[in-house]
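We just call them A, B, C and D in the order they show up, numbering each chain from 1.
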């Protein structure tokens, strides 16, 4: 451990706080019906993720992790929200239609998923490394992101949900390891996510053109 | 075992001569019982002779099968006759075939008889063939079961051996097995020889005749062979019945013994013929689709006979 | 005599190569019909001839002969070897295959002409050769893996041949049904062989010999049932037979002949191989099961055959019947082995196997005859035939011989094998004291019923097809088949007669076989009177001599001829119309039909057939003067309507229900994954 | 010589070169060339691996053992077949104006990239890189699936990419867990995440983490491999993609995903003993096998039917591995290879049928394909014979090997289930193909006039299949055995 213990404690608290805020944002996303707000919520969530990475980098003096944080800010806080915003404007959707589960049920489910996240993460929490206690939140983010994905019907919301799952995974990476993943892997993941979103954007655009709708529940011609 | 040519010739002649006599007797006695005068006993011989001399009229639709059939029917019946012990305890051709071969030969005759019925293309012939084959089919299992019963008891399917076994002290006359087997075989005999209640040999009514329907297109010597063949077949089956179940008086060897044997045999035969006559006069012909009931009764009797060998041994 | 030379591997390899060459020749020359026909079927005939020599020599050489055994191909991996091995059982079936292959190939030289310009004869020849090759290899393979490969290729080529005239829906559906059933059977076989594999640790047949002792009873019984079902499908045992009556008729007739004659015998081969070679001393219920199945198959087969007026379907149902008869022999043999009577077992086995070759010969003969009829009349419907005996004399004669043989009438071969079966059954009564023995005579009685019904059926088949007036235009203009087709039938007719008249000669060939499977050599005991007569093997048993009966019959023919000479010397013969009840104009429409012929039997067994009839009458003023009359009559195929169709319907219904899983909604798909994830996370805790 | 690098780089370079304004023939030729080279390099790699056991390159960035070599071989073979077939296929689509020239170029660019990504998956040493490469295969193929830009293909692509990405996100989480386990054992800031370093340490890793990691990877890569119940995208994508892509998806991509899964399986088995991962694999494999036949039986679309058949085969491969005896693993690997050669033939034939009849619905195609398209029909028939596991083709043999291995291991129920599923799917495929292949064509349908389209690719693949069914070259056999040893944990 490079950092002194007091500051490590501070860092740990900061990380926990930010992780908790990520979860709150996630829950907001679950009940939010407006797509543009959703994108903004995602941007803020990603910002917290970058913040966590920054804190880890600061307390561990790890240059690599700074790069990761920077990449996160560039990609997930700036570029992707911009891209999605542009998509939304191009295809003019404002509001998500009725989700599969209504808000109270969704919150209930998310509560259950959070519980599950804690149970799954319990064997690995309480370790001496920085940010380890956020693993439960990371898993919860993954699970609720997943839930969000099938709860919503608009293609863009589903993309957004996928991205939050991705945030959850990255949080888990930080939570479970000292410095996150090796840089080469981080780069790989980063570019994959970027390309994925771009391709998804292309598809969304084409679907919009062909179906005159962004409702994925209309994409049900292929059966059996 | 060896072939004894004189025996063969003797039995052939016996078969040829005795068969029409039995048919004649049955006809005559039946008439008597019905208060008619009836044809003389010898009438059948005269008929056959007459048929032989007549010209033959063949259907223009018929093929070679039509002309072959009478020979096959006749020879098969005759050959079957040579496999059965008649006056002596040994059949002349027992080496060539056992009781199964006998059944097979009779079936061969029937096969060609039915083909001959179909060949001219008349509806009667077809009807007759169809019914004949049907009745034979349902009669066959009963026949086989009855035969099996005695064959199992004798440990052989060889007729000579079966008869010899019947003469041995092991044989019990009123063994329920034999009684039931005899009853089964008797029913089969009625069916196979086209007797009332299965078929009426005297009728030419379109819808009821079976055997006669097949012969409808036959004439001249072909008809003679067919009729003769039929009466030989009847004789063979009756012989089978009397000699298996009443093996008294079967000659061993020597001309005198044989002559005595022939006499006793004729007496037994006539007794059986009388039984047939009584059944024929006291019963009405059954509807075609009731015949299987009768034959299934025969089958049940056969099964019971078999089971009783099992139960009463 | 260079028996050793024949028994070396070379001639066998040559035969197999010939089949391959024939197959390729058919494909290469498919644009030249004559060349393709000549080359492919010529090669097949040559190969069969060669195979015939090899197999006969191997059987004649007995157990002691150094039978060829070699690897056809280098093995891919150690446990899969392409071992070709000529043991007595294989050689016997090889003999059947080769004999029929020869006759059918010769026949096909002429038969294939019917396809010129219509279908690709080269492909037919190629598949035909492949089928022959695969079937031969089925009988000669000495390794379970190789056996299964040959088995599947046999099914595959047979499928292609059944669907050869695939323009007809009937042929396509029949092909699919055949292949599906066959594959279900193969599945059972695979499991069966794997059970053996588990016990022996290898796939070689040598290692499987009498393996049953080393297996637990449960596994042994399982293997028995698996083999019974697996091979039973191919053999066409009721109730696994449903593919047979639809597949055999639609194939080209030469193929039908082969399928009915040989291919279903592959099932018998397998049963014999599995029960007598592999599984060791049988428990009592095996034999009872097999015997009962045999009885059921025989009786139901012939009953359904009687209801057919499609000539080839009729023949196909008769195959089921005869398989039943063969099974009676095998079942009885199993029962005897159980009760410790190897001699009797050998007798029963001989009865079954003798019937196997007999059925192969006469059924192929009948199918070839049916093919010739089909060739001439372009229909399989007997109701449109008739009068062919005058127009196709030789075909009619050959068919008649086949009909007499299959009806088990003396003096032909069918009678001989049924006689042996009867003898085995009769003697079985004394082998056990339990009530089970009642099965023997009852089976015998059922065999008698079968025989009599078969006779009825063939009176109908021959009578309606060949006798009386032609019922259809094609039948009226029918022409005799070409020489090669007649020659093919002639070979089989000769075989029928030979197998009928000289069983004692042929039975010697079965000695090594019974010795292999039951440890007994029987042919010596089965001959009597210097080989003239067949005896049942027991000291006091019955004898029968077909040769004697035939000669006696010929001699007795003197009687009617003498009588004719005596009395009828001056009698004339003249032709006249058939008696028409005084109403002139007897037309073919007034003849008895095939349906009419079998009506009494339909009525007697109506509980089984559940006949339905529909009559529609149109009339102007009185119902007694109908203007048109439509009559339909149906017979229900119980197994199809009561078992298979509901089963298939159920499977399809379940499948359609399952389709709802894939309803097209991505939400649903995500939920599947989500639930799986939750389940696994909880599982991994 | 940088063997591994060139295997990845050559197709990637070819793909990028196709961006240049070259004539279409050259593009097609470049594709063929790239995969041809890859195949040749694959053969060389196999030899090298047999000699050295393990080949590494670029500071151990790339890593190949027998398993990788085997995967490279079959991926390149399938891709080469696809490339051979694609030229005429794309040309004909252009003639029919089904696609625009721009889309055609897109096809020729993306296909080699797709291939390169697959090569990277099987050659990557770093598990994280492997994950990224798998994601890359999904991303490069999704636009191929959407190539026709029809409603259905867009729908298929959407489902493919959404389910695939989600699955891969889970797989990434699994990868993270493995890395976490690796971190725990060392105080280095960035412990190596290389396969070659992880394996020797496997038994010291935290079992709990690995358990979770395997579960997540199973779902993640299982989605990509099309294991039920994560397979739902598979029939959609396979049926809507252009046929060469369908062939690559089914023939190679599924197996590459299985490869990724297998790496996790090996690691988990080395750490926990084989029980845990084996049972899971067995469950999913069997479920896939059993789920496929009903769908085949009532299927209405030719390519969807083929896709379900792939599901069946993937299930069999997983089951074979899960049975975990040398025999079954060997059978499963062999099955991978045979299936890779057989399935593309069917997809190619389906492509020809699609282009002739303009539909893949059985009802629209009707009967008599053999008469209308004799060559295609015949090859499809042969391909189907191979795919349903009939001799003389090798799938019969590999299936039997798996089943017998299962039985020898005492897993009677499993063996019976495998057999039942195979028979059921055989019945389904037979019944469906018998509806279209034989018979009399519907009147009024024009003959294609192009009987030999794509025949070369099909004949080559089928010929290869037949050849390797009766004769496996000794090095190949040894390679497979070695690969089986790697999976079975017995080096």
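Here is the rule we use: contacts are C-beta pairs under 8 Å (C-beta built on N, C-alpha and C of every residue); 3 or more make two chains touch, one makes a residue touch a chain.
Keep in mind it's a predicted model, so treat the numbers as computed, not measured.
Undergrad: Which chain's centre, taken as the mean of its Cα atoms, is farthest from the centre of chain B?
TA: Most distant chain from chain B: A.
Undergrad: Please work out which of A-C and A-D is bridged by more C-beta pairs in contact, and write that pair.
TA: Output for the comparison: A-D.
Undergrad: Between chain A and chain C, what is the separation of their C-alpha centroids in Å?
TA: Computed value for the inter-centroid distance: 70 Å.
Undergrad: Measure off the straight-line distance from the CA centroid of chain A to the CA centroid of chain B, and report it in whole Å.
TA: 100
Undergrad: Which whole number of Å gives the spacing of the CA centres of chain A and chain D?
TA: Using C-alpha averages as centres, the distance is 31 Å.
Undergrad: Centroid from C-alpha atoms only, then distance chain C to chain D, rounded to Å. What do you get?
TA: Taking the mean C-alpha position of each chain, the two centres sit 44 Å apart.
Undergrad: What residues in chain A touch two or more of the other chains?
TA: 120, 146, 149, 158, 216, 219-222, 224
Undergrad: So which bits of chain D are touching at least two other chains?
TA: Within chain D, residues 158-159, 162, 166, 170, 212, 235, 295, 298 contact more than one other chain.
Undergrad: Out of chain B, which residues touch more than one other chain, so two or more?
TA: Residue numbers touching two or more other chains: none in chain B.
Undergrad: Could you list each pair of chains that touch one another?
TA: A-C, A-D, B-C, C-D
Undergrad: Chain A touches which residues of chain C in the complex?
TA: Its residues touching chain A are 659, 662-667, 670-671, 673-674, 677-678, 681-682, 685.
Undergrad: In the complex, go through chain A and note every residue touching chain D.
TA: 60, 62, 64, 120, 123-124, 142, 146, 149, 155, 158, 162, 165-166, 168-169, 172-173, 176-179, 181-185, 188-189, 191-192, 195-196, 199-200, 202-203, 206-207, 210-211, 216, 219-222, 224
Undergrad: For a test of understanding, state which residues of chain C touch chain B in their complex under the given definition.
TA: Listed in rising order, the residues are 386-387, 389-390, 393, 396, 400, 404, 407-410, 415, 419, 422-423, 426, 429-430, 435, 437-438, 441-442, 444-449, 451-453, 455-456, 458-460, 462-464, 466-469, 528-529, 533, 536, 538, 540-545, 548-549, 552-553, 556-557, 559-560, 563-564, 566-568, 570-580, 586, 588, 590-592, 596-601, 603-604.
Undergrad: For a test of understanding, state which residues of chain D touch chain C in their complex under the given definition.
TA: Of all residues in chain D, those touching chain C are 158-159, 162-163, 166-167, 170, 211-212, 214-216, 218-219, 223, 229-230, 232-233, 235, 280, 291, 293-295, 297-298, 367, 370, 385, 390-392, 396-397, 400, 403-404, 407-408, 415-416, 419-420, 422-423, 426-427, 430-431, 434, 438-440, 469-472, 477.
Undergrad: What part of chain B is in contact with chain C in the complex they form?
TA: 1, 12, 16, 49, 52-66, 70-71, 74-76, 78-79, 82, 93-101, 103-105, 107-108, 110-111, 114-115, 118-127, 129-131, 133-134, 136-145, 148-149, 151-152, 155-158, 161, 216-217, 220-221, 224-225, 288-289, 292, 299, 302-303, 306-307, 310
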